[in-house]
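Here chain A shows up in two complexes: once beside chain B, once beside chain C.
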Partner chain A sequence: MFEYALSVMIFLPILAGLTLFLFPFSDSASRISGFIVSIVVLFLGIELFLGFSGSGAMEYAESKAWIESLGIRYSLGVDGISLLVLMAGAILFPMVFTIFSTRSKGFYANLLITQGAMIGAICATDMVLFYIFWEIMLLPIFFMIGIYGGPNRLPATVKITLYTISGSLLMLAGLVYIGVSYHEQFGRWTFDIVELSNLKLSGGFAVLAFFMFMIAFAIKIPLFPFHTWLPDAYTEAPSSTTFVLSAIMAKIGVYGVIRFIVPIFAIELARFAILLAFAGVIGMMYCGLAAIAQKDMKRMLAFSSASHMGIIALGVFCMNVQALTGCLFQIAAHATSTGVLFLFIGLMEERMQTRNIADFGGIAYRAPIFATFFAIAMLASVGLPGTSGFIGEFLIILGAIKFSGFIGFLAGTSLIIGVCYMLWMFQRVFFEKSGEGTEKFQDLSLSEALTFLPVILLILAMGIFPQPFIKKIEPTAQLHIAEMTMMAQKQLADTRLPIVVDTHQKN
Partner chain B sequence: MNDFLSLLPLLIVSSGAILLMLLAAFEKSRLETASCVSMGFFAVAFFVQLLVGYGPATAVFHGVFNGMLVASSFTQAAGLIILACGFFTAMTTHTYFKVNSFCTLEFYAILMFGACGMLLLTLSQELITGFISLEIMSLAIYILVGYDRSNIKGAEAVLKYLMLGAFAGAFFTMGTALIYGGVKSTKFVEIGAFCAAHSATTPLLLGGTFFIFVALLFKAAAFPFHAWVIDVYDGASTPVTGFMATALKTAIFTVFANFLAQNSGLHGSWVTFLFYVSVLTMFGGNLIAIGQNNLKRMLAASGIVHSGYLLIALVAISTEHFTGSVIAYYLAAYAAGTLGMFAALAYLGGEGEKRATFDDFKGLAKVRPYSAAAVTVFLLSMAGVPPTAGFMGKFYVITSAISADQMALAVLGIVSSILSMWYYLRLIINMYFHEAAETFETKGSVFATTCTFILVFCVFAIGIYPIVI
Partner chain C sequence: MEHTVTYLGFIPLLPLLGAVVIGLLHMFTCKKTPLPELFYGALACIGPVLSFFLALVVFFQLKGLPAEDRFLTHNVFTWFAVGDLHVDMGFLADPLSSLMLLFVTFIGSLIHIYSVGYMAGDENFGKFFSYLNLFLGSMLILVLGSGPVVMFVGWEGVGLCSYLLISFYSKDTDNVLAGNKAFIVNRIGDLGFVLGMSVLFWAIGASGFDYLSLKANVAGIPPGVGVAVCLLLFVGACGKSAQIPLYVWLPDAMAGPTPVSALIHAATMVTAGVYMVARFSFLYAHYPVAGSVVAWVGILTALLAAIFGMFQKDIKKILAYSTVSQLGYMFAGVGVAAYSAGIFHVFTHAFFKALLFLGAGSVIYALHHEQDIWKMGGLKEKLPKTYMTMLVGAFALAGCPPFAGFFSKDEILFSALATGHTGIWLIGVLVAGMTAYYTFRMIFLVFHGTPRVQESFDHAHEPPAVMTVPLIILAVGALFAGFLNLPGIFGGNLNVSHWLAPSLLEHHPHVSVWFELLAIATSVAAFAIGITLAYKKFGQGATEPEFTGFAKFGYHKFYVDEIYNAVFVQPYKAFGSVISRFLEPNVTDLHIKLSTWLYQKAGTAFKVFQVGYVRIYAIYMVIGLSLMSLFLSQTIK
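Showing the complex of A and B:
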């Protein structure tokens, strides 16, 4: 029955979105139908998660010939790398439909198309197919920010679009280079990622292609120094779009690195890992410090999200099982915690018509449930033990210390910055004396509380019993790292280039 | 029999042109009828062209034409694109001339004569035939560009185009003469054989090829012969501009590819030259396009950029197993997007093309969401965003460039398409993210609107089911 589950999860939202565009539906009808579609996707996602065996190979695979002259196939599949990202995409979307009721038809349609395209990008096991979904998911974001965003939305929209499209187009060149190299080495065309990992690349073009891919993903993540679009886009976008951007789209950037760069460019990654790891750490520190200085709550959270993405990316560049497992786990943890925080801020903005931290105060006395939920999500975001954020960050720091003591030390200390701005913000917004506006601040309604409750419980569950989740991702992570080390060694033996694997000397 | 079939579309279109010429003599004939008649002829010719089965390249009526005309699956595809362009242009004009009344019946006859010249040009594998068909096509286009005699911009455009085009024609003849002097033949095959046996760099051949390249690059709107494009495209009426930008370019690139593909020696010695021409065409076009405020001028400049991409495909042409599939596919994708854009402009532009600049289309999405969505699809296709046809076209071009070890060209092509995002996005931003200042009322028939939506379908269909010949 669930043979085509992935296809349904991709195309049901896309078709629903297109239908909403083409026919005159009322806003509330679109909201309800969007909600139903996202619930169906959620149901399929949970079925998928329960049925997932965690063998390390692709499961629920589908494959059909598409463009035969170039060996491009419509092929989908899920493994330990994509599972949790996929789950984040399936679980978080219904919340947007229940919480914000004031949006118009076009907004819900765009949201549905984004969801379909994102799931498509996560499940695609053919590089061209991945690229197509990767590009499609940007378009609805473009319209959502441009049409429904804040007062300075136009520059923000142009910035995010030009940034991401430049990255994608560079990736396209790299992708074609990989396909052509495969054709030269094996005499046939394919873009299947499992087969492409047999590829042996070397020389200047390989490094160029590596950077083309890396820049594309670094922009999406966003990794320092490609993060400058993020504060504007996250601040100007409607809260639910920011939520989608931070909770899922940024994660797909990290996912792309793990999925494409680690197996194919193993040797280049080993060469430049230290550089990239520093980019991650610098991003963590810089964005963390910038977050302390923000007056706008959403902008602060945007910087905080960028800072956390730095540590997730660091998990990939350390190239060992602990860091990679931690990274995959942290992807899901961060998606739930930061995603929910953005939704909370959206709620606060709807109630107060402001996002200035200075305008708030004493909300905890007026809205205790809201404050509790917010506190749990916030503590998960800073990585308090007992919440989901702890497990992932702990594993990543562990891996980072194994990789390089200095990097590990820097990463560990910059987590403190995160605690600083979060707790300080929490103190100013939820405690202290209540301001004029916060006197009438309403607590969560029943439906809102029920919407957030599962995710809050998930955050706690992932923090207290991480094993069921880690069990599903670890085999793939081990396989991935083992393959990569093998490939790197094989390539080293083949090329006989004087490449120093001891990457410390590279810098 | 197959020989006759491969010439049949050409015959159908030319008899249609003559019939329309006669029809124009009758006082009772109406413009709408003429438009429908020419649409009918184009459609019939299209289906005939579609039905002809091609194997490898075959000389048409070898006894009569002595190998001057050669039909292959590549020329078939090019012919299909040209006929489709003719059909959609006729369809668009049906609406356009209800609002802009400078048209007479001969317009459609001339349109069809132009298409005849283009079809003949795709088939010609010989320089003199090439010259004759080039001139048939160009003469028709000159008239079409200057059709609105009361429009001062049109008069300027036709003068510029005619003067410069005459030079291009003269260069072509000069090149033919020089090549004939060197090779003692004007057939592509024999020039190729000569270059393989001797050298492609004798003074006569070098000079001759250079002049022919000048003429072809001029017609293809490539750097450094691109300066005329902006004014001419702007001065011509919108449907004519669409026809010029698509069908004419298809014909020119087909004959260009045929000329190069027959001749590995020539291709080898000119590849560096074409490399630089292509890079400069892309970047020159982009720089011009970024500065434009008028939509038609922007589209003209973006046409130059697309010529640059097509030149990448020409640089990467494989002379051994030439199928032309990359070029044909790119041309089809480009034609669908560009024609659609011009069809939409034809009815949205309104009377006397009063809506012409980026700012005139502010807020279009609020008032006419479907039209705005269609325009968005065309722009995204031109920009090469999946899942549209433009993306697959770009994908094939880059694949062919990297396969031919032209990594630098592929990267420069990508950089150029990053630059081009700006002016495509600018229109989308204007349509969607601003409030509407007017009501965008349009008059006339539904033909242009229908045409636009058929082309939207084409853009997706070509993109999702890329049929490669």
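Showing the complex of A and C:
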């Protein structure tokens, strides 16, 4: 049974979601069954994490022939790159079933399908399979924002859908180009990512295909200036959906870059790395600055999330082990901090019927447990040592310094930008005098506290004992960087392109 | 030689555990039935006191080792290892960190005890002690960390506690703003720290990123890079230790409870920057250019803060500026490579400044939260113990022989002179005079003369023993601590300097006795002039003057806060608004707007062909079929 763990983690939620759609379950029954399914996935995820050896290769691999005429296979696997993204997708979901008042059956069905599709996209090692899950992922999101979202949900839904679909179409075109190129060079069809990394692409078409993929991922991450769908979508989506979007879906964008672009387009990436790195840091600064001007807490956090994603993406473009490992670690850390903050804001909205920062105040006195939890997640989000947020941010800045001193300096300003808007928000929401509305603010109930406690503990555990996590992801990061360096050097000999790759570290 | 001891990790761990336990207890009980204060107080004091005893154990164990071999380590676990970067959660006790350890735990314990009295009756009594324990634990991580990254953990930890404790009375917006300011300004410094650490790592960190390895590999660092690392790290020090241009947060930090001002914003945390420079003396000693920058920034800060201190009327603000000023002295000391002199001043300053703050706390406590010195007067009859102990502190701060501050400050000034930094020495002497002036201005106005507000004078009473006993102990320290490092000219042999020598890279310049005597005489003269001026002006009851001209300029701190606000804060906020109101909706997604516009235009363009007449469509069909036939006939042939 355990050798099919990944398939179970993908199809159990999808099937459960479809079952909910087809049969007349009551709203609360669908909530409970969704919770049970997500708990099963959670345990499978934890088992998988504990059993993961961290050798650097694909583990838990499954592979079955699927569309043989085109060499498309149903193949899955986990390595250090996907491990923590997978964990975020597997273990965070039960929370959205336990907090908040009950929503309708369709909402829970959509949530389940999203989870299955996300895990599928993370585990797929065949590009076509990845693409299919990537597309399925979008559908339930479309419904969740469009049907269950806030008052301005429709423009937000149209925006996110058009944005991501155009990205997907570009990627599809790129995918066809890659498949055909492989067929031309090797005389057979395959979309296996390991095989595809043997491709030798060059010339204008390669650059074009590179940008097709890059834009698709850049929209998902989102990388500046493709982020403009994000504030609207994050604000209008129900809080549990926003949580899923920021904690997991955005990470799949970064993951896609590492998984597909780094091995296949190593040369192009090395050539345009500096450009992309600038997009990352400028996005971080731009969204961080925008965050301070927001009056709506959720919108502020949406900008904050986009700001962090800029730094996380930067970790990929610096092309050294430290930055890449930092990026992979930060993917999980960010899900536990900013992701959870979205849930907290959802709770506050449910209690107060408002998200306006000005309507709050003095919550720290009314709800000490809630305030403490919120503060810990917030401190992780601003990267305080001892919380999960520090390790990744530090490694990325360290790596960025190696890549380019100037980029490193700009990346470092995130230390300052983050605290500016976060502390000011915290002051107005949790400190100062309580207003009429917050006078009766309820502290976390037992079930809410129990829901959040594991994540809060995880934030601290990842900050104090990060090595057990890093140990599992670092070998793959090493391997990835080594392969990329090798390819880049090979090309360097032929073309003398100006390539910035870390070739000095011996490991 | 086995250097590993397994109890070092407990020194920071004990207060941290205390913080967690007290924090949890407070969190779950504060809304129902708060636990008794004495229980929290006792729980809070256990950690610091035990840590102090462990610090003594460390000290004596180090003392038993031969001088060149004096270090103990404890690597608790591998914190993270990525590529060449290997960071252990490790601790290092050597002469330098053990000295810091001793006074931090000692003064920390005293202030915990004092706070039990001072905070009595506060609704957040438990929270306060949880934060205070958390602070002490972080400070001990900072001091004991075996490498820069672990130091940074403590560095940020104390910053967090500083923020939490400054905004402790968080119902008042001004207090929270002061806390935010402290955190954000410190973060600006932290940027320098992180960048400096990163550059240092890429230069020589690959074969071990802890102090001992870095020290061994320091020769491999290119000169330009070395200076850059020193200056970047110093930016961090400027933030934490309130030096120009990042000093602005410290005076505002006085919004916190007074014991916090004594512990965090006078005795321990703010000296972390000086400690860092001394810790990296193996680096700074190689780059006199960087050292000079440190020294000049330090002495100019000392001067600026002394000017501000002369015109303040809030007793805590006066002490805050005097702290900034004294920190400037310390940087001047470590800047001219007199590391042990700088650290010795950290040590003595901790005693007399904690004493002065706690004394001020007693005054504030006695007068029911009155902080304006122009509303005090004649208090020496009402608060004799507070008066006597504060007087000792004042003499120490003003640099009167033989009080502690005299020896340590003199050592710095003398080192500046002996290493040829005459300008720094001259400014230093001037500041010494100003220090004596503003310190005794405060003493005379608070304790001498006649009461200015009769009502609060009548109600004033000496605080309980739990508060006065720590004052007396600190006063003993302020009186005698200087003798620990008595220079040869007074018959001593620089015990502290010799103790610190294995940790630091410094040379003691040899100069003639007359030269030394001259330097001492100048310092004493500066003190005498300062105190005389203060006595003439404030000794026999003075009335509050109207500030005009330069005094007004000084009272408003040269309007630096207003300038920063106009130059940095407001534009920052405005830029945020511009982005979210204008750039974001109109400019940033121009590429999206352009493509939708193109899409629509293309639709309009194709609309031309959709005319709706069957005959036109028939023509399209004929054209299409002809083209296809043409194509087919060409390809088949």
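One rule holds for everything that comes next: the second predicted complex is superposed on the first by the 488 of 507 C-alpha atoms of A that agree within 3 Å, B and C clash if a C-alpha of one lies under 4 Å from a C-alpha of the other, contacts with A are read in each partner's own complex, and residues count from 1 in each chain.
By our rule, contacts are C-beta pairs under 8 Å (C-beta built on N, C-alpha and C of every residue); 3 or more make two chains touch, one makes a residue touch a chain.
Everything quoted here is computed from the prediction, not taken from an experiment.
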item: Combined model on chain A where chain B meets chain C, clash or fit; value: clash
item: Touched partner set for A:Leu379, first chain B, second chain C, both or neither; value: second
item: Touched partner set for A:Tyr286, first chain B, second chain C, both or neither; value: second
item: Which superposed partner A:Phe260 touches (first chain B, second chain C, both, neither); value: neither
item: Which superposed partner A:Glu474 touches (first chain B, second chain C, both, neither); value: second
item: More chain A residues in contact - chain B or chain C; value: C
item: First (chain B), second (chain C), both or neither touched by A:Gln427; value: second
item: Which superposed partner A:Phe441 touches (first chain B, second chain C, both, neither); value: neither
item: Residues on chain A lying within both footprints (that of chain B and that of chain C); value: 166
item: Chain C contact footprint on chain A (complex, rising order); value: 163, 166, 224-225, 227-228, 231, 286, 289-294, 303, 320-322, 325-326, 362, 364-365, 368-369, 372, 379, 384-386, 390-391, 394-395, 397-398, 401-402, 405, 408-409, 412-413, 415-416, 419-420, 423-424, 427, 430-433, 443, 465-467, 470-471, 474, 477-478, 505-507
item: Contact set on chain B toward chain A in their complex; value: 373, 380, 384-387, 391-392, 394-395, 398-399, 402-403, 407, 410-411, 414, 417-418, 421-422, 425, 429, 432-433, 466, 468
item: Interfacial residue positions of chain A with respect to chain B in the complex; value: 21, 67, 69-70, 128, 131-132, 135-136, 139, 143, 146-147, 153-154, 157-158, 161-162, 165-166, 169-170, 172-173, 176-177, 179-180, 183, 205, 208
item: Sites on chain C touched by chain A in the complex; value: 23, 26-28, 30-31, 77-85, 149, 152-153, 156-157, 160, 163, 167, 170-171, 173, 176-177, 179-180, 183-184, 187-188, 190-191, 194-195, 197-199, 201-202, 206, 572-573, 575-577, 579-581, 583-584, 588-589, 591-592, 595
